[in-house]
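One chain, chain A, appears in both complexes that follow, with chain B as partner in the first and chain C in the second.
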Partner chain A sequence: MLLPSESALKADPHAVAGSTDYDIVIVGSGISGAIIAKQAAEAGKRVLVLEAGTGVNRSLVGYDDLLTTFYSAATKDNQSPFPMNANAAIPRSPQLRKLQAGETDSSTYIVQSGPYVSDTTYTRIFGGTTMHWEAKTPRMLRSDFKSRTIYGQGLDWPLSFEEVEEDYRLAEREIGVSANVEDQTYLGQTFPGDYVFPMRGLPLSYLDQQVNNGIDGTSVDLYGRTYPLKVRPYPQGRNGIPNPAYDGGAGYRPIGAVDTHQVEEGGRCQGNTNCVPLCPVQARYHSGKTLAKAFQMNGKSGQPLVDLLSQAVASKVVIDPDSGKVSALEVKVYKDAASPEHETITVKGKVFVLAAGAIETARLMLSSGLRSTSGLVGRNLMDHAYLLNWALMPQICGAMRGTSSTGGIVDLRDGPFREKQAAFAIDIHNDGWGWATGAPTSDLLELVDDRNLYGADLRQGLIDRISRQLLLAVMLEVLPVESNRITVDPQFTDALGNMRPVLSFTVPEYTMRGAAYARQFSRTVFARLGAQDHTSYDPRDFGYVAYEGQGYAIRGGNHLAGTHIMGTMKTNSVVDKNQRSWDHENLYLVGGGSMPTIGTANVTLTLAAMCFRSGRDILKYLH
Partner chain B sequence: MHTHSSIRTLDELKEFLHEAMRLEHATIPPYLTALYSIKPGVNRDAAQILRVIVVEEMLHLTIAANVLNAIGGTPDLRRPDFVVSYPAYLPDGETDFEVGIQAFGREALATFLKIERPAIRPENLKAGNPLIQRRTAPHKSMLGSHPSNNEMHFYSIGEFYMAIVCSLKEFEAKAQREGGTIFTGDISRQVTSEYYYSGGGELLPVFNLKTALDALELIIEQGEGDGGGIYDGDEHELAHYYRFDELVKGRYYIKGDKPGHPTGPQLQVDWDGAYPIKPNLKVAEIPDGSELRAATIAFNHRYGDFLKLLTLAYNGQPSLLLEAVPIMFEFRNMMLELIRNPLPGHPGLNGSPTYEIGRDVAAQEVASQAEAVA
Partner chain C sequence: MSNRIEIFLTLSAELTAFSRFDLLGTGLAEAYLGTLDRVVGDDITDTLLAAFVALPPPEDSTRSQALRATILGNELLGDVARSLTKLWYSGTWFELSYAWTQRFGPKPADATFVVSPDAYVEGLLWKAIGAHPAGAKAPGYGSWAYPPKIPAFPGSSTAKSEAISVHLQNAGIMS
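Let's turn to the complex of A and B:
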């Protein structure tokens, strides 16, 4: 129960370093690494998972510690549950500041080069960024896989939707997606035969329904085509009601949590609004659930097949100059998050999988001097650009109730307009203006400090203000651009002496054209709702971007991709369609970094699907 | 087995299943109160163990309702005596013991261990009557007693359930000989894992003898362990008794351990890390007109609403269990309010939920007044 599966937790660095029986060494315990580890263990392979974080949240007590940290944090940003750890630092948005063109800020973990500063984040702890993700799991559209051919924009994937479809279903099973097929068939999306999602769709929030009441049946025109508007539910990686029709009537059993004991398995979604950064009842999927199952698997000798070595930061990929294969990984193992003291061990295996996220995987490759034949490692960095629009509804709409986001306006995810401007999907945020303004704390301070309210007037003032808040978060498509990139620089290192990522990013014009339209679109929606627009973008904002005489504050979406892009040959890409490195036959770079485009789908489901494919390829390679 | 004779008719069996529901429910208020009495930041191991067990008791309650529904019964949690008056008494072999509402601590834990301890009948009593004349004062709530004779209780909860199991088998065999079945209940009344999961076991529909016996076996195993082993039948889960024993011993059990000798990692228990609630408090002991009294009555009222909702859910509307979720949050908050506030006139002691449901008419009146004011 509370007791962790001891052996999996307590891999000893020296035993690991001396071990010669690992079939697969995986860097990172996020969803990519977890899926591949579990798949490999199911095939009886020996696996080592290296995790840079402390790994304490591997147990229920450790997970609950993160919650306590979050509850007591003054600033509840999306990394607030995760304690400072200079040995495995993570980007934290409250630390960012505005930069001028040519200015570099190395005061934060990601070195930012101005003028555009990205607040994109990822989480370097056990479970990776699935410990803080929002768990929306839309599939990419058919057209997203060939946007070059169809719209003359971006890149085509070396895979078609049809080739990925079955793996989407595996990913939906692993994550335990809650959705109804009938809600997800918009824009020509199809599902095979009698497919149903593992769990029934989660209901739209009251706020969603109020928004839908105002726009359902209306439409917008764009480049001569009409798009109907409607609030549709998002598929979500959080526990709802298992669908008895799943798997041909076998049903679906929600399983898994950081501990595998039945009662500590993920609970049912209770509508807590802090899905991001951390679900209090593990209703939201995180890769600790997948790993918990992998840790339970034993080999013929009865020993666990999967070892986890925490506090282990991969620092160098070592290549055998003769074969071009990876011969080992150098790993810095620290003893205490508060001290840079560490020892460097060498880890050997037959296959190496870098699953550390699009930025860390690129960083590790680049700091190992591995830019790839194409020179594309670190380039084509993508992340959805978010444009926030906020307004007050005319009536009380119950903001702050329900999970972070349950529904949105998604009918402009595709259309011929994509020849000219970015597609987008809009999330309706159930947590009010929090993301844009810091509500509800900011409202409290304003009502107390500026309007001198107290007692009953203050209570009424808060109800009146907060429960009417509507935030439309527009998630815009961003295409691959080689100059948007991660680099490393020996002058910027972390506590362990590893080079830190240096980020250079310019929001592409294609995206900004979409942003300008999305702003108008949001105003139209507000007008139809009778909502009072309160949106304003401050030129001092670190993400401020001017476009055609207007300014917009662009936020990162934490949907990182592109840095080890997938393609058809070694000259145009870093990995093949199985995410295997073109240059090093026993090296797989997996995760969002392989994605050639990201369309308007949150990346996790797609990258999870790709990892099932890679897992099979790895097993084939090993045989 | 000599218990079959205790239950003579199908109607009596339904009453036994009602008693099973009452029994399973009766452990929930003591466990919940102990859980919520724990101060924030301490005793997290204890809190987890209590949470796990209380969730399983809720599962057992629902399983009992499923079995009752399967044989055409109508579960009713609104019966005036459904919620026992605490302290109540549970059988413990030849005698019985008190189960009360109290804060987490050594005493509470001693009681919990008794609740979950398998009562093994000694050799010389193997042929004895399953029913035992009670020794407790007659006006006290007795659990595990014969529904139609409150003066007789079973040797143990295990034997109480064994009586149910035997008569299910016997009645079904008889019905089948006559070309019928006792499992005549509408299957749509079954609460299934769509509505209840992550609760320490599968909630499967009961529609025949096999599913009924499987369901009851889960209750028996989780409660008392399987024949004294520390893990349940599939070697997956520690029986409740040994979970509490972990707190006593300050160590976790791991697979292969012998009962009473856990060898897993240590755990910490802060025996003073709970709010000092007054045990088995009654509304009548709280000063008239105090805020605490109004809050206590309001809690009882809300808990009563919850039982009404469960009754509807167990009577053909299982989806109502979804609506029960926010109510559980609500009454948790109400309980915390009671537990963390001082009890007027009792220096050093705090308030407590009293669970006087449907038995305190005066309280209900005050509650409606309180509602009218609100």
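Let's turn to the complex of A and C:
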């Protein structure tokens, strides 16, 4: 993708502060803000996007610097490409520790108030968490939108699947989803008429195929119902082979890499096995691709319609007491990531969109003193709970190759059992036990230091140990619970003096009942495969949760949602079905935070779909 | 000591089971010898190289036992040789054990670090398992649908990787 060179320039903070012509001011350059910015620019509106990060990764050089940082990092955690920036800090899971009863740990950016310690992460840089995401893009199921009515659990959405379906298609186009319709029709999922995804599905990995060979045609019984097992491909937000049948035969042109000049990147997925934390070749979607299109749009006078102000941390939403409308945003603009020195500017616009992710948007609202009529800002925090199960396959399966995850076991995403326990979807990880044990580095250390192997025995030992690794990552449904929440506290602030998020969370019993079953389910799968189960959960693990006499290490999924849920009225929700604040008519809180439930779908596709809806509503409001 | 780099390469080949050719192919041999010199000091590096030179010749059946006794099982040299092995495999120098530091004194440069961005990319581990470093040397679209090509080497049980059958019909890549 070619970007006009002037768009690589940063907006001037003083010009931005003095400007009175912004129709829309958006906080955050992640996928939510990007979609709304692009839609607005297409309608000729003036847009300002505020980004807390430095914005240097807008250019290819800046993007590739992140990759070099990753290569050089001794600990390659899921935030390792992203440099430290105390002015826009991000959670980093290696820093976590288990809490004692009643203890609060403020040593990390998210203050962990417990009892459960969450290793959930999000990324405060240009492109938001789409710079880091794995890009699995399943749709939510029909039943996920009305789980209260069907299963007596969670909340119903104020929207039905049918009302969201068309926007799912828009989101799949924007992201550039690779999938085959015939692989995605399980559990009664339907697609309209002759719909095809923009690109053909990515092939299952050799590991996926080996697992499928062991379970295809088998089934499990749960509460009297039988569920067939099979490894199915996941839809993926990364470039594959364009489907010529897309868009009624018009085809689809994949979106390449973002840069100021043409480069040989942004093509088809090459199998770097590094979707998280960073695709080295921009085959995986990130919202910079959407913004690049928005930055190219000019107004009648030839001036760009969308401005980006980086190093700009929104610190307060200012409300006009008479109208209840947002009158301005206070924004702290820093000059250098290494220094807290900053100036505070005031930004004006007609409509304000908070698109900073479920935790940061809630943090900004709460630190502005805006709890909403319902009092639900920050509450109902959700993130998928992951239970990891790992085993050695009897044969070489070629772990550590491929795109990070291509297939999984998804037939228990729905069923009457959801009256009693959480549904789940299982990813098969092509990068071995990495998430669970730190493989392959941990294997190298064990074989050299503890098993005293060297030479041919070491080399063979590494093959036998690593190439057979299978990780089943069980992604469990988590329902909204009001006491699971983000708060703020003036005693916990960051380098700029902004209040940091304080997280209080208990993994709901519904989820733990699902986790206990998922553990048994994984053991059953391993038995059918003849795989050696190596799973163990350490009681000292920060995410250790005891349930019915057993213990499980629960991991966060980074699928954050629920802190400003949508609903049918201002007393039961923070935003309406268009993600507009009930209390402030020119304020939209968008993103995962608006989702009342998350089912077993990674949240990005759904929140992207909802932003298309909000974008239309904003344009209607402006007219 | 003359010809240090040659001795260093021969030692490294014996520790890793990768050929001198493979090791030179990483472009990192000098950097790794330099790392050893910088972290533990020239004197300990020279002691390690001298102990290696003093081993019985390769064709001697006692060589492996001697290497275990005088290098891997030596209080001073064992941890250093293990860190060198891990360095070749991963590009990361792993800090020496607490016990080693207590006994032989702390070395200021001894911390866990990646020698350079390309050191990570050139780690032998990935080549050993027929994979590629995460985030680099991508094998190409759809390559993951096929069995790994694990290179054979002297002393390997190659039968395992050759026994893998291919299931192209499941890969979806042929459609």
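Everything that follows uses one rule, which is that the second predicted complex is superposed on the first by the 608 of 623 C-alpha atoms of A that agree within 3 Å, B and C clash if a C-alpha of one lies under 4 Å from a C-alpha of the other, contacts with A are read in each partner's own complex, and residues count from 1 in each chain.
Convention: a residue touches a chain if its C-beta (ideal position, glycine included) is under 8 Å from a C-beta of that chain, and two chains touch if they have at least 3 such contacts.
Owing to the predicted nature of the structure, the values given are computational and were not obtained by experimental measurement.
Enquirer: Looking at the overlay, does A:V61 come into contact with chain B only (first), chain C only (second), both, or neither?
Expert: first
Enquirer: Check the residue A:R253 against both partner chains and state whether it touches chain B (first), chain C (second), both, or neither.
Expert: In the superposed model, A:R253 contacts chain B only, not chain C.
Enquirer: With the two structures laid over each other on chain A, which partner does A:S467 touch: chain B (first), chain C (second), both, or neither?
Expert: second
Enquirer: On the A-aligned overlay, A:P244 touches which partner chain: chain B = first, chain C = second, or both, or neither?
Expert: Only chain B; A:P244 stays clear of chain C.
Enquirer: Can A:T441 be said to touch chain B (first), chain C (second), both, or neither?
Expert: So A:T441 only meets chain C here.
Enquirer: Taking the superposition as given, does A:G266 touch the first partner, chain B, the second, chain C, both, or neither?
Expert: After superposition on chain A, A:G266 lies in contact with chain B alone.
Enquirer: Applying the document's definition of touch, where does A:D533 land relative to chain B and chain C: first, second, both, or neither?
Expert: neither
Enquirer: I want to verify the contact counts: of chain B and chain C, which reaches more residues of chain A?
Expert: Looking at chain A, the partner in contact with more of its residues is C.
Enquirer: Just to be sure I read the superposition right, which of the two partners does A:R459 touch: chain B = first, chain C = second, or both, or neither?
Expert: second
Enquirer: Jot down the residues of chain A that show up as touching in both complexes, chain B in one and chain C in the other.
Expert: Correct list for chain A: 68, 241, 268, 270.
Enquirer: Would you tell me which residues of chain C are touching chain A in their complex?
Expert: Interface residues on the chain C side: 14-18, 67-68, 72, 81-82, 85-86, 89-90, 92, 94, 112-114, 116-118, 120-121, 125-126, 128-132, 134-136, 138-148, 150, 153-157, 160-161, 163-164, 167, 170-173.
Enquirer: For the complex, give me every residue of chain A touching chain B.
Expert: 1-3, 6, 60-61, 64, 68, 239, 241-242, 244, 251, 253-254, 261-268, 270
Enquirer: Give the list of chain B residues in touch with chain A in this complex.
Expert: Counting only chain B, the residues touching chain A are 41, 44-45, 48-49, 51-52, 55-56, 192-195, 197-201, 236-238, 243, 252, 254, 264-265, 267, 325, 329.
Enquirer: Which of the residues in chain A come into contact with chain C in the complex?
Expert: Listed in rising order, the residues are 67-68, 70-74, 76, 180, 201-206, 209, 212-213, 233, 240-241, 268-274, 278, 280-281, 395-396, 398-403, 406, 430-431, 440-441, 444-445, 448-449, 452, 454-460, 462-464, 466-467.
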